[in-house]
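Structures given as structure tokens follow.
Each of the next two complexes has chain A plus one more chain, namely chain B in the first and chain C in the second.
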Partner chain A sequence: MDTTLLVQALVSGVLAAGLYALVSVGLALAIGVIGIVNFAHGEFFMVGAFLAYQLFVTFGIDPVWSLFIVAPALFALGAIIYTSTIRFVLKAPELNQMLLTFGIGIILQNLALLIWGGDPRTIAGITYRGIGYQIGGVSIGLVPLASFVVSLVLVLGLYWMLARTPLGRAMRAVAQNRTGAALVGLEVNRVYLVAFALSALLAGIGGVMIAVIQSPTPVVGFAFTLKAFAIVVVAGLGNIRGILFAALFVAVAESLVATLVPNGDTLRNAVFFAIIFAVLIRRSWRTA
Partner chain B sequence: MSDILRVTGLVKHFGGLAAVDGVSFAVEANQIFAIIGPNGAGKTTTLDLVSGLLTPTAGRIEVLGSDVSAATPAQRCHAGLGRAFQVVQPFPEMTLRENVLVGALFGTPGRTRADAERRADAALELSGLAALADVDAEDLTLMQEKRLEIARALATEPSVLLLDEVMAGLRPAEARDAVALVKRVRDSGVTIVFIEHVMPVVRDLADRVLVMDHGKVVVEGSYAEVTQDARVIEAYLGKEEVA
Partner chain C sequence: MIKTARFLTSLALAGLLGLASAQGVSIGILSPLTGGSAGTGQAQRAGFELALAEINAAGGVLGEPLRIIIEDTQANPAVGLAAFEKLMTEDDVEFIAGGFSSGVTLALVESFRTFQPIVMWIGGAVSGIGIDGFDGIEELIGEEDWFFHIHPWDYHNVGAATAFAAQTGSETVALLHEDSAFGGPGSAGAQALLEEAGMTVTLREAFTSTLLGGTGDFRAAISKAAATNADMLYWIGYDSDVVPLSGQIRELNFRPQHIFGAPPGWPTEFAAAPEAQCVTGLIGFMPNLTNPEAIAFTRDYRAMHGVDPDNYMAALAYANLWAYADAINAAGSTDQDAVIAELEAGTFRSPIGDWSFEPSVIAKHQGFGEDLWLVFQYQNGVREIVWPIEKATAPLVSCR
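Moving on to the complex of A and B:
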């Protein structure tokens, strides 16, 4: 086997893992803190991507700078969606919650189709997209490298926030015991609101990155919802700390299959389903 | 007004059942106030209504003179109500220090981090948990869990602490420790309202005793007064035995 190809696949996988972790950690935050399985999570990612595209087309703003506009915008979108819908189903059966978030996802996706149409949208003329480095035959693009570094910093920053800051303690307290948290003075609903908005913000930042890496269509979100679910399942539902390693595992698996299996590129999504099935089946053995 | 907690005409219906049916009482500063009664008398429901976990059908709850009847549990905590449960409610994946720190950070708004940490350590010390500060809450014994429950509530700096059967499930020696702890808490300036089934504990601790049955107040008075009341004996033992 060609070792350069193998190393290239590994490197590409690791670089992709940063963005995957960033998107998944938001999903895990919503599941872990609020207990909401958010099927619309990938749509926050998509909205972030198209906002970056539109900011570039209309105002000529470079995606690097639109990060600072998209992040608060998505925080606000998350807060609005939580306040207008999610908070009313917190005590409803899980199926109702899932159907609600699934519906929100479909609405966001169709809104995007109405506004931007179904064609892939490219942020044209970004000079740094072409920059790459060759190390011993392995090529590393500047954009994937930068997105990996930024994602890693944000995920580690979230871990630090959860571990050390008052807001992080509030989130963990609410996640671990809602009643206990309310009785020691925490407004549970407000903590949920911030957690949900933060989860949308993280996905939105990931969206800006994908707008540079690929030419997204309005269905890009669903693909990332699927990836994020595979990662969240590998890490264990609600386990935020495990996301980084789970993302690494899933992204490298995807990259290896896409590179080393003949016609593997068409099997990318199958990899995620296979991982979800394998992990769930293995877990059910353990508990049986 | 020296009443720290005043409850007036409290009513809670669950469907057709009046779990709490017109309960009124007032607790003075620095008292230890016991609520007793048979199972299903409405004691825990009363504490749930006072701490805001349940919404009353009717009635009024005042803490330090301000009406908290429509406040959230968090707002009532800020107003000065602390609560410890019979079924403990810890944050299992945090250390004891962190558990108590959450209470110190959020129990009183506008507190600095350093002040909260000092408070948390003081609450751990008073509850006899200082040596276990770095242990995770999920690794505690029942007695330690109950101490943690009290420590975390104390860290919120309550004016009045509601204790729901803290002695339940404890061995006699542990129960004696718990009684001593409740006295220490009172001596630190916190008024205490507690639900208890173990009568010697009520006798040792309570300044006032409220007896409930079928959601209503049967009688209120000192331990000696209420235990000689014919209605109380009837409520506990049933009509047949008394007659």
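Moving on to the complex of A and C:
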């Protein structure tokens, strides 16, 4: 095996982990704090991608700058969806919650289809998509590197917020015991709203990144939602702190298999399903 | 301006008549209107709608407005199967048109055989010929009297691509392909033909398309191709793979002389992207073709839909519906044997020019072959036709 290929696989895996972590941490936030599995998470991601595309096409705003518009827009969208739908099913059976978020996802997908059509879209006029820095035969792409750094900053920022700020402490309190938190005067519903909106914001930022890397389509969020679920399971449902390491583990494992095994790219999904399987089996042994 | 407005009004009225009337001949259409292949499905619908408006403006079919019923397959075999059975059992159609995705087509084969309507199909290229242990569409239903296949088979596609590759002077080719019923058999056929033409295939590597659950990270597959230092990178995938593949080829500093892609369609805006420069691709129709039929089709399509017919499936859909209209009118009835006889004997109109059904390797009725295909190259934001030479609008340039 060519050493350069191996190092390239490691570099690509580490850089991919940033985006994986960003998308997963939003999902983990919804699960961990609100206790709801949001099947529309990938659609928030998709909406973020299309907004970045539209801002570029209509106003010529580079995706780097559109981050600052898309993020609050997705926060607002998350808040609206929470207020108008999610809050009514918080005490409903889990199946109802899942069906609701699944339905929201389908509505958002079809709205995107109506507005932008089914053709893959391209943010065409940017010059940095193909830029890669060559170091000893190994390429470090500018876009993956930037998306890794931004994702890392946001995920670490979220960790800091959860650990050090009153809002973060309120989220952790609500996550641990909804009734207890309410009894000590926390506005549980408001904390949930912020957590859900923040989850949508993080997905939206991921969407802006993917709009640069590939073509926004109404179904672009699906693959990333799948990864996010895998990473959330590996980290432990609701364990926000474990997301970064789980994302790194899944992304590097995928990249190594894709590179070292013939036709390995087609095994990426098998890799993370195998990881989920192994993690769940291991946990069941530990609790047995 | 007034002429265009009159044209649009008459087409719209004629089209509405065709969509709304419960009388007359009905044609059931299967197309991926939503899902990952919605772009292609919407292009098909636009082509069908233009043909429908023209057919009804010209008097319809058997003196009545023609009616089309479009069902969405989502490019999903299970959904496609349900949609077909709905057309046969609830809508009672006798004629089926449209089609996209070899996977959907393979899933429909047994149901086609059960109901046996006339199926005139513009999708599903996987023939199965030359692939051991795999039964393709041509092998399974090509010999049926009621099956008419308009789209070229996979060996036609790779035949055209190989002829182009040979013309470039490339000696080594790295093949990347998406891993489904579309890219898998297609790449096997491509490898055989490229080697038969004297070229060396340095790598054949599969990837998961973004259309089918991939995240668009193709760096592993591209790195392996780059390590072989091939003269040409030849990839088979879907239109949503174009942007990530092209960007990552540049990012990884892979500089083959030629980058050639064979997706069913190309993202419209990609032409303006810097990484599009010098990329070549296979396509069945381009708005800058200069034959009179193409000029008329492009003009009318633009007038009706406000955009250019960039996806060749629009042109095939147009040809599909007109062939039904002309054959049924020539038969004077919807009797299946009479319509089949007219489809076998007739010459039909299309934006590419006149065409008719001929036998292929197994199939009794094959519409287009290698002759459908063009190769274009992105040159300074414009798609220039570079192959075949007689249709070329600019010479081919190297990526190095």
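Convention: the second predicted complex is superposed on the first by the 286 of 288 C-alpha atoms of A that agree within 3 Å, B and C clash if a C-alpha of one lies under 4 Å from a C-alpha of the other, contacts with A are read in each partner's own complex, and residues count from 1 in each chain.
In this section, a residue touches a chain if its C-beta (ideal position, glycine included) is under 8 Å from a C-beta of that chain, and two chains touch if they have at least 3 such contacts.
Every value quoted in this text rests on a predicted model; they were computed, and no experiment measured them.
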Where does A:188 make contact in the superposed view: on chain B (first), on chain C (second), on both, or on neither? first
Is A:124 touching anything from chain B or chain C once the two structures are fitted on A? First, second, both or neither. second
Using the touch definition from the top, say if A:180 reaches chain B (first), chain C (second), both or neither. first
Name the contact category of A:169: first (chain B only), second (chain C only), both, or neither. first
One more residue to check, A:81. First (chain B), second (chain C), both or neither? neither
Please indicate which partner A:9 is in contact with in the superposed arrangement: first for chain B, second for chain C, both, or neither. second
Considering only touches as defined above, state whether A:55 meets chain B (first), chain C (second), both or neither. neither
Between chain B and chain C, pick out the one touching the greater number of residues of chain A. C
Considering the complex alone, what residue numbers of chain B touch chain A? 51-53, 72-74, 77-78, 82-83, 89-94, 98, 101-103, 105-109, 113, 152-153, 155-156
Can you tell me which positions in chain A touch chain B when the two form their complex? 166, 169-170, 172-173, 176-177, 179-188
Considering the complex alone, what residue numbers of chain A touch chain C? 2, 4-5, 8-9, 12, 16, 110, 113, 117-122, 124-127, 129-132, 134, 139, 141-144, 210, 213-215, 217-220, 222-224, 226-227, 255, 258-259, 262-266, 268-269
Which stretch or stretches of chain C touch chain A in the complex? 33-42, 179, 205-208, 210, 213-221, 223-224, 227, 239-240, 242-244, 246-253, 265, 267-276, 311
